[in-house]
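Structures incoming, each one as C-alpha cells.
In the two assemblies presented below, chain A is common to both, partnered first by chain B and then by chain C.
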Partner chain A sequence: MQDTQPIHDLTQLDHTRYKSWPFNQDICLTCALCASACPASGIDALDPRSLVRQVGYGLEDALVAERWPWICTMCAKCEHVCPMDIQIADMVRNLRGLRDRQNVPGILQQGLEAALETGNNLRLPQEDFVFIVEDVGEELAEEAGFENFKVALDKDGANLLTTIHNKLVNTHTEDLKHFWKIFHAAGESWTLPTDNWEGTNWGYFTGDDEAMKTMVGRIVANLDKLNITHLLLPE
Partner chain B sequence: MDNSKKNVTIIGGGVAGLTTAIELSQYSFQVDVIEKSPFLGGHGIQYACKATDRCVKCGACVVEEKLKTAAALSSIRLHTESQIEKITQSKTYSVSLLKRPAFINPTKCTNCGICFQRCPADAINRGFSTGNQPLFAISKNKCLYFKDGSCTLCASKCPEDAITLTAAETTESFNSDAIVLATGFQPYNPEKKPYGYHRFVNVITNLELEQMLRRHSVAQRPSDGQAPGKIAFIQCVGSRDAKLNHLWCSKVCCGSALRMARLIRSRQPEIEISFFYIDVQSFGKNFEAFYREAQNEIEMIRSIPADIYPAEDDSLRAIYYDSSTRQSHEPIFDLVILSIGMLPNPDNSQHTEMFGLKSDPFGFWSYESSSALTNGKGVFTVGAANGPMSIAETVIQAEQTAWQVYNDLVIESNNAP
Partner chain C sequence: MLSVFDLLIDYIKTGKIKLDKSRVKDKITYHDPCNYARKAEMRLGYGYYDEPRWILDQCVDNWVEMYPTRDHQLCCGGGGGTLTNGYNKERIQYGRLKMEQIKATGAQMVVTPCHGCHGQLNSIKKEYGMAELEVKYLWELVADCLVI
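What follows is the complex of A and B.
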C-alpha cells in the first residue's frame, strides 16, 4: 500500500453534517461509475467516488482544503452514469461554497467583487463599453450585406435581451460579430443593455449563492426595465 | 390419499413450475403446466454445469432433472406454446387455453435434427435439453411457408413424417381447484447502458455466457469463435439502480458469474479474467471459501467501468478508475460479460389484477419474504416471480408452495364445518 499516513482527520467524522443537502449523497453504493466516467479523474488523484463519500462522512476540513472541487468542470457526466441519481455536480458547487472567499482560487473572487461593485468582471466603465461595442458595430457595417447594421443599445420592447461574456469586450471583440450577423440576417429585434451586461456569473462558479442571485437579479431587472420577455445568455 | 379428482394449474414451465408440479403429483393431484414458449425449463435449463474438480452447487443439473421427472409423470400434462385465454372462478377455476399449432408432432419426432439442419430460413429453434419433447420448434415469423408458401423442405425431409405445416391452433378447457403462478423473471436489456450491448458483438450477457458454456463447454469470442485472451465481467448492470427504479440486488449474479469465471479458468487456464464489482454479495455457507479461492485466480477490481469503446480486431477498451493507483485505466478485453439484473415478469401486473394479489412496488409478488404467497382463494405464487432467487431457493419454495396447496385443498377443506 502506498498510503501509510491517515488520509483524513477522523475527529471530523460527522455523517449528519451535510444531511440537509438535497443531492442523494447518502445513498451512494460506492460503485465508482462516477470516477470511471469522469474526464478529469486522476488529475491530482481526483476521485469522485471518494469525494461523495467524504461528503457522506462530513469530513469538512478535508473537503474545504481539497483541490478536487475546483478541478472538476461540473460537466455532470458522473451524474449521467450514477445509478443512484446522486447530484454530484451540484454537490461540488456546494463544496466550493464552503471555502473562505479569500481562498477561492485564481481571479474568480476578484472578478466577482468587481462585478458586484460595477456590474461587470472587468470594472469596465459604461462609456468605454459603449465605445467598444459601437466601434465593433461600425466595423461590421462595413462588410457586404451588413450595411444597415447598428448595435441596438437599451432598446425598449425588443424581443431578445442579450448579455455577453466580458472577454467579448476585452480580448475577443471579433466574436461579437458572429451573434450580430445572425440577428441581422434573421431580422431579430434584439438589444444589449449598457449596464449590467455581464453574462458571466462567477457567483455561480464559486458556490456563492448570494452573489449569484445578485447577478441574476440585475439581468431580470434589465428585462423588466426594457419590457423584454426573452433572454440570451451566451455563457 | 386420493386427490386424483383435484386439479392444479401451474402457469410457467420453469424450474419453479416444474418442481411444484412434481411435488403436487406426489400428493396425487392432477397437474396442468402452461408454458408460453416452445421449451420447458425456463431460464435455468439454459445454464451450464459449473463443476470444476468438484461440484460447486450451481443447480443447473437440478433443472434438467426436474424437467425429465415432470415429463415422465403421467399425472402432469405439459402444455408448451400455450397461453391462458380466460380463467373464471365459480366454485372452482375454469381455465381456457389457446395452444399454438403443433407443427412438429411430439410423439413422432425422434429429435434427429434434420429439419434444423436443412431449414434455409433459420426458422427452426433448438431447445436446450432433450428432456423437452420435441427438442425443436418452428418459428412462424421466420418460416418461408408462412411468409409466401414457398418452402416445405422440413416437412418433406422429415424421416418420421412428423411435421405438418398446416396444423391449426387448438383450444382446451378444464376445471382447476387451484392456480399456481410460476412466471419467473425477465432479464434486463442492457442496450441503454454505456457498454455497447448489441452494438459490439463481443459484449454479451451472463445468460448468453451460460448458453455458450452449456453448448460449447468453453468461452469463445462471438466475432470469430476463437478463445478470448482476456475476459471482463461487469456486475450489477440493471440491478441496484435507482434511476431504473430497480432498487433490488439480483442476488444470484455474483455467485454465478464467479462460478463461470472459475469454470473458464479451469478449462482454459491461459485466459485472464477481470471481475468488476461493487461488493460481492455472497450467500451459502461454502461461498466464503469459494470466494477466497476465486480471488487467487481472478483479478478482482472494486470499480464499475463507465465506458466501453471498440478496439482493434473486435476487442473492447473498458475505462475504469482504480482507487488503489488513483488513476483511470483502459485495459483491452476480447470478451465482456454483463451480469444483468433479474426483473419482474411483465405479465405479473395482469395476474396481480386478475387474482387480487399483492405485489411490491417493483412488481414482484413477494420481495420481502421468501415464503410462498397466496390470495387466500386458491391462487399461489412461487419462484423468481416473487423476487430474484437461485435455483436451490426456487426448489425449496416450490416444495413449500405444493404443501400449501395441499393444505388448502385437502386439510382445510376436510376441517371445514
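What follows is the complex of A and C.
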C-alpha cells in the first residue's frame, strides 16, 4: 500500500473506542519515559507516548494508517520503564491487527497466508522439504565424527519434537547443522515433522490471533500424533 | 515445553556433551533477544538472562557484556516482523544504537540465540562499517566447541 500520513481527524475523537483493550492507555501520565527509552524514537518521528495518546483518544483512521506500529519492533523497552504499566508493545500489536489485511506491509501477510494454506511460509511442498533436509543431513554425515548421522523424520515417540525457521530450508541450510550436531553428540532422540514444521508464526507480527492459534494448534497436533511430550522451538 | 537454554544446560551438566574452551579465540559479546529476556520476564514472569551467560562461560573465557545489558538491552531492530515488512531504511536506522553498543565492546563476534536478531545483525553490520563482525547463534557456538 501507499504510505499515508497520519490524519488527525478530530471528528474521530472517541475516548471509549478502545475501552475494551486491556492495555491501560487511559492512565497514561504523558511523562514520555517511554519515548526516552525507545530505541526507535524519532525514526519517522516515531513517539510511543503519542501513540498511546492517540489510542486513548480513539483516533482510529490515523492509527490504522500510521507507519509507526510497523517500524516499532514491540521490544518493550518503553513499557519496561512506564510508571503506569501500560502495555505499549501489545497495544502496537493490536493496532497492526486493525489494518485491512491487504494493507499489511511487505511480505508478512503473503507469508502468513502461505503458512495457513500449506503449513509453511514458503509454500514448500513436502517432498522438496524432505529432499532438502535429507541432503543437508547427508552432507553432515560426511564430516568426521558424524558418520552415522541421519535426520530423524516423523519419529514416533521421540523425546523432542523440533520445528524450524523457514530460512533454514531456504537460504540458510548450513544453519540446520548446529543443532543436529549437538543432538548427535548428546545421543538425543529427536525428530522433525515433515508437515507443519514451520517454527515462525507471522500472525504474531500481523496482529492476527486466530492465525497464531491455528499455527500453534498444528504443532500441538504433531506432538499428539507422534506421542511426544517435549517441544523445542528454537525460534 | 523446553527452552533452548534449559536443553543445552542439561546436556552440559549431565556430561552428554563436552565442550572445548580453547577453540574459539575471538572476543565475544552477547545480545539478549527481547523475547527471551525482557519480554519473557514481563509477560511470562521469567527472563532468560543468566542461562545463556552460563552457557557462554562453558564455551569461552573471553566474552564481555554490552552496555546497557540484560533487561535494559537495546533491541537489534529486527524484531516484530521488521525484517519482512519492507521498511528497510527504518530498520537499518533502528540498528544504529545496537551497532554502536557492539563496537564499544571491541568484540569480533556477537552471539545471540534468536533467528530475528541474527538476521538483523548480519544484514546491517556493513552499513555501520562492521562487515568483519561475526554473528553466531548461541547453539552454533556450542556446536563449534563440541568435543566429538
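Simple rule for what comes next: the second predicted complex is superposed on the first by the 228 of 235 C-alpha atoms of A that agree within 3 Å, B and C clash if a C-alpha of one lies under 4 Å from a C-alpha of the other, contacts with A are read in each partner's own complex, and residues count from 1 in each chain.
Keep this in mind: contacts are C-beta pairs under 8 Å (C-beta built on N, C-alpha and C of every residue); 3 or more make two chains touch, one makes a residue touch a chain.
What you are looking at is a predicted structure, and each value in this text was computed from that prediction instead of being measured.
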item: Contacts of A:76 with chain B and chain C, given as first, second, both or neither; value: second
item: First (chain B), second (chain C), both or neither touched by A:41; value: first
item: Partner chain(s) touched by A:149 [first = chain B, second = chain C, both, neither]; value: neither
item: Superposition-derived comparison: chain B or chain C, residues of chain A touched; value: C
item: Contact residues common to both interfaces of chain A (with chain B and with chain C); value: 77
item: Partner chain C, residues of chain A touching it in the complex; value: 39-40, 43-44, 67, 70-77, 79-80, 89, 92, 104-108, 111, 144-146, 160, 165, 167, 175, 177-179, 181-182, 185-188, 200, 202, 204-206, 230-235
item: Chain B partner contacts - residues on chain A that touch it in the complex; value: 24, 27, 29-38, 41-42, 45, 47, 49-50, 77, 81-85
item: Interfacial residue positions of chain C with respect to chain A in the complex; value: 1-2, 4, 7-8, 11, 16-17, 34, 38-39, 42, 71-72, 74-75, 77-82, 84-87, 90-91, 93-94, 97-98, 113, 115, 119, 137, 139-140, 142-143, 146, 148
item: Partner chain A, residues of chain B touching it in the complex; value: 194, 236, 240-244, 278-279, 302-307, 319-321, 323, 326-328
